[in-house]
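Here it is: the structure, laid out below.
Chains here go by letter, A, B, C, D, E and F, matching the order in which they are written, and residues are numbered from 1 within each.
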């Protein structure tokens, strides 16, 4: 989603005590950009449901901090349980504590999405890499071919693992984990790299299956 | 996980009012089967954390209804947020309301896992298909080659979509969605098929990346 | 075919002195199982011919020792020359003397058939591995992903060779043979591994091309 | 092997009443060409055994009719059972009665071997196509890319089936068989096409696994 | 190279009557950007030769019209014959007369380069698509997945052909050409589409083989 | 094109001072072989244009030295700029000075064309390898599977690089270049290997896209 640099973390459990009366109307001012390319947001006819208090608060926070609601959230908003579980998992994986930095997690997101050729995730997370890295070219390289980036050994090993896990999941073995350990990753880090890789293999498919369109605003960010 | 036929649904939010004092010790009697093949459960050294009350209650329910705790839950239990978000998403996707039946969702799980050659998911969800279908061969066919099963047009279209989305996600287009609609699926069904396909593309990779071992009990179920 | 543990070896040349008068009628009591999944046995209309004396004797032996006639034999029985040459080659390769054990040959059969996604051979030879190994899980692992099995170096090298020879035959070179030699295989063993791999690359294709259905009895064997 | 145009058919069963005393010495005059490229014949150290009477007679016939012993026969001659079963199956499939002509069977052999990049079979059977077709270019086209040949619909359908069965055996289904039927093939023909395709998927792998070298004489035949 | 919108066409033959005395020194003021990412320009040690008069004039024109010398030209400049033949072919194909518009030719360039994951060409020609199209998103979509772009039938047919020709050149047949004709392309257009596709399959490989780095200026163009 | 052994080099720049009056009629006696397989030369209707003086002279030279005009030249002759740039690049790459011998460049041409299954280039350049090598089998081996050839380390490394660059261009990295350097190639040689590989990845696609037919005379050359 590319909330890069602005840590819009919201734990599902600790969701702000949004009162049941918090009207989704509060979201009205949000201009769900109906620009050429991202309308409709997905190719399925699934009207947005009434936001739960927690999700209304979350959308409000997105609007304040990012200036827009990432389309993936609007897409999931036809069903509050699906939206909440997606947000909870996403926020934990991409913004939670980890020995793998937020930038590195976004690099994985983009390298995986490049393998799967996912337009939505390449756009949204490409922007996130550009922002986090403060080096716009890195975002482009993750989109185009991560092997073209001049990475240190740690990050190269991390992406080699993520891409192999994406392309040939059944071939990953102890030797692959060992390569990560030799590059300095702990067992917990290996879990996180695997979980982020897995998450984007999920998201890429939901986005491709529904023709999900990224907010056009991403394209111009952090160039 | 294959809790087939026993609907151990537990909504994370509505989690049983487990008192904070519910001791994980309550789980002691659970024999985390240390049999040959599923010990250790994963190849990473990530010791189980203290279960949150919700998760302690959930594990207890699993033990009562299934007779064991699926290893995937034990694997995620090193971190309560990760365990809870995984359980919440899994339960919504596989046990929640949908126009796609629970058996059909398990068929997708296995056909996708066959494509990705995931030992854990093929074992656990192969057992689930055998149980739900009351026709053990169907489970075998999903594992080996879904094209060998004698499916009706609806289920064949569903699996063709799921497998294409798994193998070539970037090539899925409107024509593929149209094929599902012609086979009788609604737009909401298409979302569910895509979300289940996505979920197992995630789980397959977490399982393969960590060498997750299925509980040996699955192998003998519903033969 | 999975005549595991029962060594129904019959050399074509030394075929029992079955008299020309041995009536195929003797086979009448054989209930060619017309169960749901394996009828018809193949998708081609090729009626069974009159069994030659040697083949009538062989079918009788199968019936006595296995309790059924493997469907692949019934499929080939439209033509005695084809049936006899198939049986002769099969029996020599899978039951003849070799430095590669019968279990190992069956492991190759299943790992190759998994690569080719052959429903017939995975079912019949998966059962054979379960029987020979006296460890049912090994059969499942060969079907699902041989890399998930905890193999010794010898057997791992053997299956790596068989799977590479199956997936990329034109890339096999001296270095691959050397790897087998270092794992303890003789040149004669390498021939046998190659011949068994080749044989199942043939059988998988004949079975897939004709939609050959395995006897349903295999599914429940040696679980 | 490419005994094209010279029908060296020899039924294993009706093997000439070669006396046990038929000395392999009788084969001495056969110059097993030790030219640059086909010596040694395979990369495994498997010395030729004493030929059985049937095989001695068969080798003699080859020598007389072809002017040489195809190297594949010499390769298998370390073991008489293996040699005899290979010869029996080969002769039945490639020279026996069938609605698929001998030329067409050789075309399948080469198109399959091209897919698998098998040097031995492309050389030997490429020569056979050149001979049978009396149109040398057809052999080249089968080796290089069968789609470049100007084939009639029947032969194109036949090769499309053989190549799909080679490259993606698990994807072959009723629709593929129907395509052959519409092109005029009977169910028996479909078996034969499948069996020849299967046979070369076996032979290609035995040849590649052992680095089998074709007799150099093939290269110049029927240009 | 992405000289989009500025038609720096220069015919090799009609090369401006650059006097032999035109010193390459004239190029001195050109700041061959030694920024982080594009220095060195290639991973091979091939020092720039003295520019021929025609090439000196061409470089001067590039500098004037683009503001920089595309790195690919500097890379080829170690040998004047190679530089001149590359420039002549490039200018004819990408800037010469054709029924396929310059934008469409650039779209082919990027869709092909995405298939081959060529960092140099995706960067330089992605910028060209953004410029020609006056719709920056189109450039991103060509880079990420041309199927995500909302194309008319003509352009979709064109890119489907170019990508098939890139990924499976040996499978292109009359039916593919017919599809282009039905989409309104003439035989001459088909040649041009094929030639541009071929050219970038060449350039992608030269760039990848040498780790050619695009001028960093491209990244920010026409966003 | 396979002008092997006859170095028909013609530099576009130093093109013989063919007078503008040199009538293409001079080419009349050239029997553009209308034999079964190479007529029409391509599947597009693109009539030959009036040859430019330089190209008329070049065709005449081809006719004198080769005895025929390679069909690829006739195919490009619908447009003089396209023909001239193709000829200039071809002659520089395949006949110009290089540390990579002419035979080696032809070996690359054929190994690349085998990967891409290009009938035209395999035929024309297969003949060239046979001629240059004075060892006809080498041409066959390049066509069928270069790994079957008994190459020295230098040539094997060269072809491994060319084939990887053809099949997975985006995966080529410094380690691949280092392997070439260790095999004795200079940086300039690496450029030449890459450029020839690139060139045939272009030509293969132009030939496949247009169903270009090789002159039948190639098939019989240098057997």
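Going forward, contacts are C-beta pairs under 8 Å (C-beta built on N, C-alpha and C of every residue); 3 or more make two chains touch, one makes a residue touch a chain.
In this text, all values refer to a predicted model and were calculated from it rather than measured experimentally.
Counted as hops between touching chains, the shortest connection from subunit D to subunit E is 1. Shared contacts of subunit C and subunit F, meaning chains that touch the two of them, come down to A, D. More than half of the residue-numbered contact pairs at A-B reappear in one of the options C-F, E-F or D-E, namely E-F.
Measuring from the averaged C-alpha position of subunit A to that of subunit F gives a distance of 48 Å. With touch defined as above, residues shared between interfaces to two or more other chains in subunit F number as follows: 117-118, 145, 147, 170, 173, 211. Taken together, the chains touch in the following pairs: A-B, A-C, A-E, A-F, B-C, B-D, B-E, C-D, C-F, D-E, D-F, E-F.
Remark: subunit E residues 145, 147 touch subunit B in the complex. Note for the complex: subunit F touches subunit E at residues 11-13, 43-46, 78, 81-82, 84-86, 88-89, 92, 96, 116-118, 161, 165-166, 169-170, 172-174, 177, 187-188, 190-191, 193-195, 197-199, 201-206, 208-211. Here subunit A touches subunit C in the complex through residues 170-171, 173, going by the rule given at the top. Remark: subunit B residues 36-37, 114, 117-119, 122-123, 136-137, 140-141, 143-145, 147-148, 150, 211, 216, 219-220, 223 touch subunit C in the complex.
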